[in-house]
């Protein structure tokens, strides 16, 4: 037989062409999906902390209000990471012998900060301000999830710009009465839409999507 | 692949090839084809081919491309995320024209290229005619005619004789079946 | 390489194919260099170009690792060599498409023996051009933001920007040119597959030929498809350089903001493109023994095209300066005064000499017939077209509206390396092309010859 | 939140302490202990001079910061959070606090208001309650911040190069005092700079009580001795002259640059500018000077002459104006026409005019000015006199001579130097450096281990003003308490502590010293309340010294005048002028990159000084700009590059002091410019005849930000007289009238941010440029890159020369930043939406979206966009990062940046307002440039409220748009510069 290529090469050549074409498309699609996936955005399970602080216990069991520790949430851009003195306010009296808190006591008395690991990280060029969101009726849970059910805090929201824009374009579903801000279990009344619109008017909610709202 | 037989005749000139094809068609032969190193005037008519559909592909491809191009821009800058850009209206058709045109041309070109590939059933590195060693000159300086037979109406002898009578320099027959392939001279 | 004007009867048209070779000899003569071992000359030039490419890569690494600061750019001259070279290369690319597509539509037979060559040039030129838009970015690693894709930020490109148009124009231009070129290659690849002796070559070309067998049914669709691609390329090539010119024309800068740019850029592109074809093909036809297919006729025609486009370009210059004076806009007027008499005046006058004065020699047949003169002229014209882009970009930027922010621009070694580097890259690609692919469309030559034979048979 | 603290965990904020029950300043005092980072933390030579080699090294250093722009698309390891162990009561992370303090330059204080984030001072503003500041701050005040964090500052107390403790020094000081007791301290000398601080005066006395024979000297190279001498000549005793320019309708400046220099320049500028707008009765300014100064640039009529001729001019003026001097000797000065006209104008405005004499001029000129003012009845109206605020009125180079003599003769055993770097600033003929070598126990107290430190046995690092407790007095005597904003970053003690060491109180700490002093003062029943108020307000109310009316001693003046008239005008050759520098002052700021890179207001030269010549003189000498020449005066010579400056007097060469530093650690300052002190004579510290200029043949390379002088006849910085304004309103109208457009107007329903810049008020002082740099984390790029045209200032001040003659040009300044065009040309060319318009009309630049095509810059007709050609962030050293404003993104390499109208301030105000449920109040937002502007030339606000000042100014008859014909519809409006020439002269 003298043909240069055996018959099977027909199949191979066509098949490989198809693969080439599909490969490109599929690859692109996967990339686009991946960057929005929890794995990329950081919603992939809890982050280890130097001290085993359990929000379930403090929030759910003890019913401590978020603002007791995150005290600047209503006045500052940062919600405020509790100073060790805040821990010691209670743990100076209770569990003041507990080995679990040894590191806290050591740090407090030696005046050395404990290096916690950040869970909710925004890029440096994003300027998020807690106080304004709280003032306009956005609850903690909207972005941070049911922290009262987390042994270790996990990032639940993607924190992508697209996600931010979602709420800034239609804030109504995420609004609640100010007194319910820190109430993680709060459920809106049946017709949440109506409440949302009412609150927009009541709190003069005026979400903006201009770049400088977040980027300066 | 079912059993099939190809009878091939080699001619020195395009005229010879065309003459042979016309004659064979008059004799009622089907599944004729010609092979030449360059397009030979009149071969399409001789083979009695209908108008090519490539033109249609390109038209459709171009129009679809242009539409997509415009819609893409409209979706991005007008519908999904309108932004005040230097006080210009978000929807400004004049500035959308260039990309509309480019995408149109791109898809048009794609449909022309891949369209014609599909019509020619290429890529197809193997084809029974390649079994004939002498056929290599079909892309250099010789002109071939082929007749393909389904096993039913197999008239190898007559066909071969016809070709020789029409002045074929040489005639070859490729019998192709799933098991084996024979080439007769 | 000078060949004295061929002695022949001026009434007798110049032959497109010298002598009457048969298909076999055409095949042999056009493909022989693919089979025979590469000569020393090829290797020398090739290695030089490879060295140039390495140098280019170092410059690229420097640019990307340290930043645009390694270039000479500043504020106000925020664009310089990057964009100059981009426009220059794109322009050069245009001749290829013009020759293969437009001349095909106009059924100019003389295109046949040079179109493959010109198309290859187009591809490599566009490749070189396409490097600059990416390289000149402050943050090239984000270049993909110029493409529309659904991103987590929900941001899209801004389609009012001519730069976004560029992205689409250049990528389309490259893709279409590639398809057009490859489609044209297929029959010759098949011929190489069948005519080659070495198994390896046969397989390699066989794979590329996709199993082409010259079937009449194939030719039927193939010819139409080829024609249609030509039909698409023709407006495309016009649009691409128009869009490039809009990078400037849509801005508000004096010297940029003018409606004459699109036609004058396209003409300039063809002008420089033909110059590049000539400066490449004159040596090539000599060394590769193509004189019989790339004849004096072709060179003659190309010179005439250059003369014509050169005149269009000259008219463009004239109009610019006239309107600047006649329009009575002080900023515009100043920019053109500054071009003629400012610190960059030498570049301006070089441009005038190369692009306006030099082509005039092509009025005389003696010049068109003297390959040395033609070659030198075409090289000068390439230079001239580069200086044209320098004049347009740098002189307009360095002194615009606010005299308080006027600055001079001086290129750095990185600028020069990137420019020289792309030239080497271009050369390297070209040598590879000449070495491994049919530089002249054999099947079309055969067809052409057949037609000529037929014509002669006619009368 | 990380974005609020770009310095990350490096900042020792975690160690801030506060006792909740204490006042904030107490917490700062606590803070003042134990937060000094360890020395080795800083890499060698981290002060980032402009050479590339070190830059590369620093790029690695700052790589992490440089990646900020990438943070969006790269997953990073979890970031660390370092919370306080005990959070100070008033500190909410990310919310700035403001503290009042003061900064004394040559002993006269300007009140400051400092912004601090988590204990890091990040911005300085003027203190609105302070008489000399009124909310404004100059370039020096603005740039203080950078010198605070300057890594080149001295780190350790040294004795003959070896490290010592403060304790060790105190013991040494105690011994020294004992030794000197035997002769009452005859061998003990203190060399300080003039200082109005009550605390220092007190320590001065206490040292004298212990060691009566100890001697105190003051030295400041730019001291204004002549002014006091002039007053002594005119009134019999040294007095301080206080001019109220807001009352003066005609101002004649005899070589007085009251806008550019002088202890009270901010107030002077404010008052002067208030008379340059039609709302007030327009004042007219005549300036007589040699080198073009800021004041000269504002002049309606300017007469160029050699500095030495000014005395003759003053004499001529005095003879015409003050009858009391008539019959005096007739000066041979050929009275020029402008002189008569000036005289007539002054006469026509008796009691509403003022003649001011410059500190560079001899006492007689001051005396004559006093005489003229008295004759015109300006005294107590536009000009008033008071007891000097400064205790020591003889502090100039001449005053240094006796000390140097004693040093040579070995009569000085112990010399305590607190004056800044005398070894460098002392006139060459004194050769202070070598004399210092003869002093066995020389103690130098300074910010840097500089030229002087190298000559002294002991070196004690000084605390920066923002790290110090102390007190200071303003020009009018008003007292301010100086409180620290941060603990000393490097080991250091205050001036007061050092002197206290010689009364055995060196270990008490500056806070105790200053508080005790004020506790001792009578009439303060409730001291704590007083103290708290003083700290809070930044001023001690009612502490200004009272002015007094005095009468000139005509006879003395006439006699002096006669003597002067008899004296022939100074001899031939070129007259060499010594000028205070607009940026490095006397050289003390030479290591401040912000100031070095700040273009000189007149020449626009950065990173250099130059020998200024008039075009005529340059032509005669056959030199042109950038030619290196050798200047020789009295056998001493100096190589300097020439700069040919229109408006400069002929046969005069001027050079600014303070350059050519050789300081050991001040790497930025090293080798920048030429050291004019090398040819400065102590007996003629300001100008001396008989200099020669010789061309060397080599050329220098200036880094000039504006090398084109003229406007090319374009309507850029418009100038008009009130008359022209009345007669041809259309000339302005056509620069603002609405242009036809194809686009529907974009609605801006709420705020419409806008700015107006009044060219009549702008004096070109450039304080706004530095303020902008500080507020917006704008990098410094170095001389080479400025020369290439890559400076990063968001706000530039264009300086144009106009008028018929290049020898006597009219000067106009025009601050240009992003115009925030409503139809912004930069926006539609950006392929990635990185620059776009906000719903309130801001032209936004989104750094993190920018890919760096630079197309926007090409298409910006105002050329106000700046590009990060290199990674400049990476070059910032550890302490320099601490000063970055956490409210403003750090720009990575390869992105565009530009003026944002201080959007961070807008957003903060918006959030505060909306959290409080109100709208933003008029004046609540001030841009950095506006806030610091001494003349209130810049106004910012929202056009949506017609009552807003900015809206009023946008409707002003003088308002016009820059490059209006382009139809960009800028939000920044300019107001035409008004000239008020004398009809008789024009």
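When the chains are written out, they are named A, B, C and D in that same order, and each has its own residue count from 1.
Rule of thumb we're sticking to: a residue touches a chain if its C-beta (ideal position, glycine included) is under 8 Å from a C-beta of that chain, and two chains touch if they have at least 3 such contacts.
Since the model is a prediction, treat every value here as computed from it, not as a measurement.
Central chain by Cα centroid: D, whose mean Cα position is closest to the mean of all protein Cα atoms.
Counting C-beta pairs in contact, the pair that comes out ahead of the other among B-C and A-B is B-C. Centroid to centroid, with C-alpha atoms defining each point, chain B and chain C lie 31 Å apart. Chain D has its Cα centroid 58 Å from the Cα centroid of chain C. Taking each chain's centre as the average of its CA atoms, chain A and chain C sit 53 Å apart. Counting only residues that touch two or more partner chains, chain D has 69, 72, 825, 828, 830, 833, 836, 838-839, 849. Counting partner chains per residue, chain A shows two or more touched chains at residues 4-5, 10, 13, 35.
Residue positions of chain C with contacts to 2 or more other chains are 153-158, 160, 164, 193, 206-207, 210-211. The part of chain A that touches chain B in the complex is made up of residues 1-10, 13-14, 17.
Listing the residues of chain B that touch chain D in their complex gives 83-89. Listing the residues of chain D that touch chain B in their complex gives 743-746, 821-828, 830, 833, 836-839, 969. Against chain D, the residues of chain A that register as touching in their complex are 35, 40, 42, 47, 72, 74-78, 80-86, 107-108, 111-119, 121-129, 131-132, 135-136, 204, 206, 208, 210-213, 215-216. In the complex of the two chains, the chain D residues touching chain C come out as 69-70, 72, 706-708, 710-714, 716, 785, 788-790, 796, 798-800, 814, 816, 825, 828-833, 849-855, 857-859, 861-863, 865-871, 892-896, 963, 966.
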